[in-house]
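Before we start, here is the structure in question, set down as structure tokens.
As written, the chain order gives the labels A, B and C, with residue 1 at the start of each chain.
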Amino acid sequence: MPKDDLTFMESLWRNHRIPFGSQYWEQGWFGMLFTFIFVAFILLNIKRAGAGKSLFIRRIPGLNAIDEAVGRATEMGKPILMVPGLSDPVNAIAVQAINICSYVTKTAAKFSNPIIMCAYSASMYTLAQEVIRDVYQAEGVPERFDPDSVRFISDRQFAFAAGVSGIIHREQTAATFFLGEFYAESLIFAETANSIGAIQVASSTEATQTPFFIAACDYVLIGDEFYAASAYLTREPVLVGSLVGQDWSKMFAIACILCGVVSQSIFSFTHSRRVEDIVNSAGGDKDKIKAGLAQLKKDEAHQFVVSKFFRQVDPPEDLKVDREKKPAAEKSPEVGIVNK
Amino acid sequence: MNLELYYALSKAAGVVVTVGLFSVLYKENKFYRFCEHLFLGLAAGWAAVGVWTESLHTIWYDRMMGTVDEAGKAQSGGHWIYAALLPVGFMSYMVFSKKHNWMARVPLGIVLGVWSGQQIQAYFDTYGPQVRAGMKPIIGTSGFLVPGADSGINPQVIAANVYWSQAISNFLFMFTLVSVLSYFLFSFEVKNKIILKVNIMGRYLLMIGFGAIFGTTVMMRFTLVIDRMYFIWNEFFYKTLFHGK
Amino acid sequence: MKIKTIPKYTVYLLLVLAASIPLFFDIKMPNKPVDSSAATFKSLMTLEKGDTVLLGTDWTGSTRGESKAELIAILRILMRKEVKFAMWSSADAQSPRCAQDVITEVNAMMKKEGSREYKQWEDWVQAGFYPNSDVAINNVGQDVKKMFSPKRGTDSTGKLRSVMESPVLEKIQKIEDFKLVIDVTASKTSDFHVQFISSHKVPMIFAVTGVMVPETDVYYNSGQIAGFLGGLKGVYDVEVMMDKGLNVPDKDGKIEVASTKVTDQIAGFPGKDNTGSGSKYYPTLHFALALMIVLVVIGNVEMAMARKGAKNS
């Protein structure tokens, strides 16, 4: 019977070349431990926050701007535009962005301010519709929810950029919120909104796009401030707990790096001395040096260095491709590598 | 239509739409609006066709229905269970129903679950080597500058030593890393003056980094403009209209 | 910042002129390849005839200026060295079409210089487009054979067969069987390659846009990738190295193109046409950047004078 005539379950079990769960083991025991320490920090703090323990979060300056921007749009009687990033499919970043947008919508709903939310992907559109509808219901004004306020524009990056820019121009939005994953289109949005004088609050999880928002927007949440914002605004135990858990994780990472720096410094000191001794005692004999260095490598394999726990990655210089030996005649004399 | 005329027309359309989209720099106008909607429509059409022909047909439909060769002989059997994915996908459309919109959360939950699981899988592979690369020695073991290849010092000795210029560079790297990381701690009110200063330094270093990023991106944007200009002047006017070589 | 003394439209006109006029002239620029470009060049030149590489193309017309130029340079090397490649995409449904157009273009270039035509199925295959980049790239890392098997292509006799049966992929069982994994990208697929493929023992190189250079540099410095071409500079670097080689001394013993990081002597393809968009656009870029610097200086001087005037009044 040909392989393909197996039932689905048979083919799944028989033909699966990779053991289940192997993707987790590829990173080694320390990698798994490292990841699960972070997971444990987050779960522990979510539990703490859920148990009613008041967890502190410092004030984030950019967040005050949200109310200011909504207030200005109310005064001008113009709509508020929100773009919750270009996540496709929906991921944690998109959910965070939607959380902040729901806060903006909540404030806007109180003042009957029109909103426009532009969705990049079908899944984002679905999520945004759900959340925005819920916000209006929670505020007790479900009749104010306009299903057309959440719009799917395009799932092609620059078509989306052109579409959103067009809306900004036509609707003359008073306030714009760009929150989430943004890429090359970030400056197009920010410049367009800037050209019509809209007040802008922005944040991109992509470090490469943050400079453009800083240059063209009024208020910018930098880096992790974006993740902290939804926890700060909503005070939901899950968000607050995970934020505190992330802080613990960052401190753990800092501690690992500092320990690594100290141990690497000590190692370098002893290593350089040993290499010098080997070279000096060999007196120019290359074979002796080679043997000495090989022995040193063996000895040092058992030496404690923090960096050893982290994945060993072959440096680019060691780029080697295992291949079968081929007759010399097959080699092109013109384009091969000629080692010095 | 011959092929040459087809290419000439497609390039001419490209030039017209490029000028149309650039026209927004003057002001929002009907020409720009036409080009914008053309772009949106084309993108939507292309995505619908592309996702089916390049992707869904192969990885879903063929697996469900099986495949046959040109002679109509079966090449591979189908697996009916792939049909079970269809209702899950259709649940997304329930967002338009007032009564059953909760169903739209099911596929979303699946996508989010897959994403979260993958992040746990990928976390260490992504950041482990970077943390390792951050563990650089910050104490020099020899002179200030790295000796050149012509210094007469054994290259293995040069490679094994950490020169003070390297150590200082490593220290700056480590300080930037730690200070920027500490700037993003939110659950502490920093009162200690030294930590506060490290925090502020972190912010300044972050801004320097953003400046460098800004520079590379400006270069990229200029490249895209130059490419458009090349397309208009060289590919269309010179090569297509005037048949230049 | 607003430039008050120069009208906006004059700035646009100047930019159009700066980005157009130098294109009509053949301007030579001195160049020292950056380490990442030199390492990429080495990775590509280490390949031998008959090797197979996995080539991700995740860009569309939006980044044509950089991504297309990078792909042309990479394809020229692969075709000249007669390396087979399986092409696939996961970022955008338009990507396979864009890449296929480039292959046709490069094939025409190869024909012009007297090389044989690169044939689909025998020399390269289109392994398809897969939505959800992260899941797709993870699957390729876990089981490339299972991932690409359903994709069919037309063999030399005109029959539709699985691409895994093609001469390109018939020996590929797992991701490690590729000699090199390449991703020409303008999207997040580079991150996903690092997340899901870097743990496998297969060298990886990227060709990214200028915007992505800072984040890709992190992957390069931590050893997660073997090298990368960053934007137009990367393209120009590789075109120069293709033309003049790397660390190759001339008749007088002088090395024109050298790298401190990659110390091997790597001969390029002297005598062949190695010019591409990098050589055409790179000098023009300098004119455009010079214009921008001048405008920034004028803007700052103007602003300082306006502030001083406001203080005095």
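Miscellaneous remarks
As a convention for this text, a residue touches a chain if its C-beta (ideal position, glycine included) is under 8 Å from a C-beta of that chain, and two chains touch if they have at least 3 such contacts.
What you are looking at is a predicted structure, and each value in this text was computed from that prediction instead of being measured.
Chain nearest the geometric middle of the protein is B, using mean C-alpha positions.
When each chain is reduced to the average of its Cα atoms, A sits farthest from subunit C.
As a whole-number value, the distance joining the C-alpha centres of subunit A and subunit C reads 24 Å. If you average the CA atoms of subunit B and of subunit C, the two centres end up 14 Å from each other. In subunit B, the residues that touch at least two other chains are 46-47, 75, 115, 121, 125, 129, 132, 209, 213, 217, 220-221. Contact of a single residue of subunit C with at least two other chains is seen at positions 62-63, 94, 138, 198-199, 209, 211, 214, 222-224. In subunit A, 23, 26-27, 89, 156, 158, 184, 207-208, 311, 313 are the positions where the chain touches two or more neighbouring chains simultaneously. Every residue of subunit A that touches subunit C in the complex is listed here, in rising order: 15-18, 22-23, 26-27, 89, 156-158, 183-184, 207-209, 311, 313-317, 319, 321, 323, 326, 330-332, 334-340. Chain contact summary for the complex, subunit B toward subunit A: residues 21, 24, 28, 32-33, 35-36, 39-40, 42-44, 46-47, 66, 75-77, 79-82, 92, 95, 101, 104-105, 107-108, 111-112, 115-116, 119-121, 123-125, 128-129, 131-132, 134-139, 141-142, 154, 156-157, 160-162, 170, 174, 177-178, 181-182, 184-189, 206, 209-211, 213-214, 217, 220-221. Those residues of subunit C lying in contact with subunit A across their complex are 39, 42-43, 45-49, 51, 60, 62-63, 80-81, 92, 94, 132, 138, 141-143, 145-146, 173-174, 179-180, 186-188, 198-200, 203, 209, 211-212, 214-215, 220, 222-227, 247, 261-269. For subunit A in complex with subunit B, the touching residues are 2, 4-8, 11, 23-24, 26-27, 31-32, 34-35, 38-39, 55-58, 60, 89-92, 95, 122-123, 125-127, 129-130, 133, 153-156, 158-159, 162-163, 165-166, 169-170, 184, 187, 207-208, 210-212, 214-215, 222-225, 228, 232, 243-244, 247, 250-251, 253-254, 256-258, 260-261, 263-265, 267-269, 271-273, 275-276, 279, 289, 293, 306-307, 310-313.
The residues of subunit B lying in touch with subunit C in their complex are 25-26, 46-47, 49-51, 54-55, 58-59, 62-63, 67, 69-70, 75, 114-115, 118, 121-122, 125-126, 129-130, 132-133, 209, 212-213, 216-230, 233-234.
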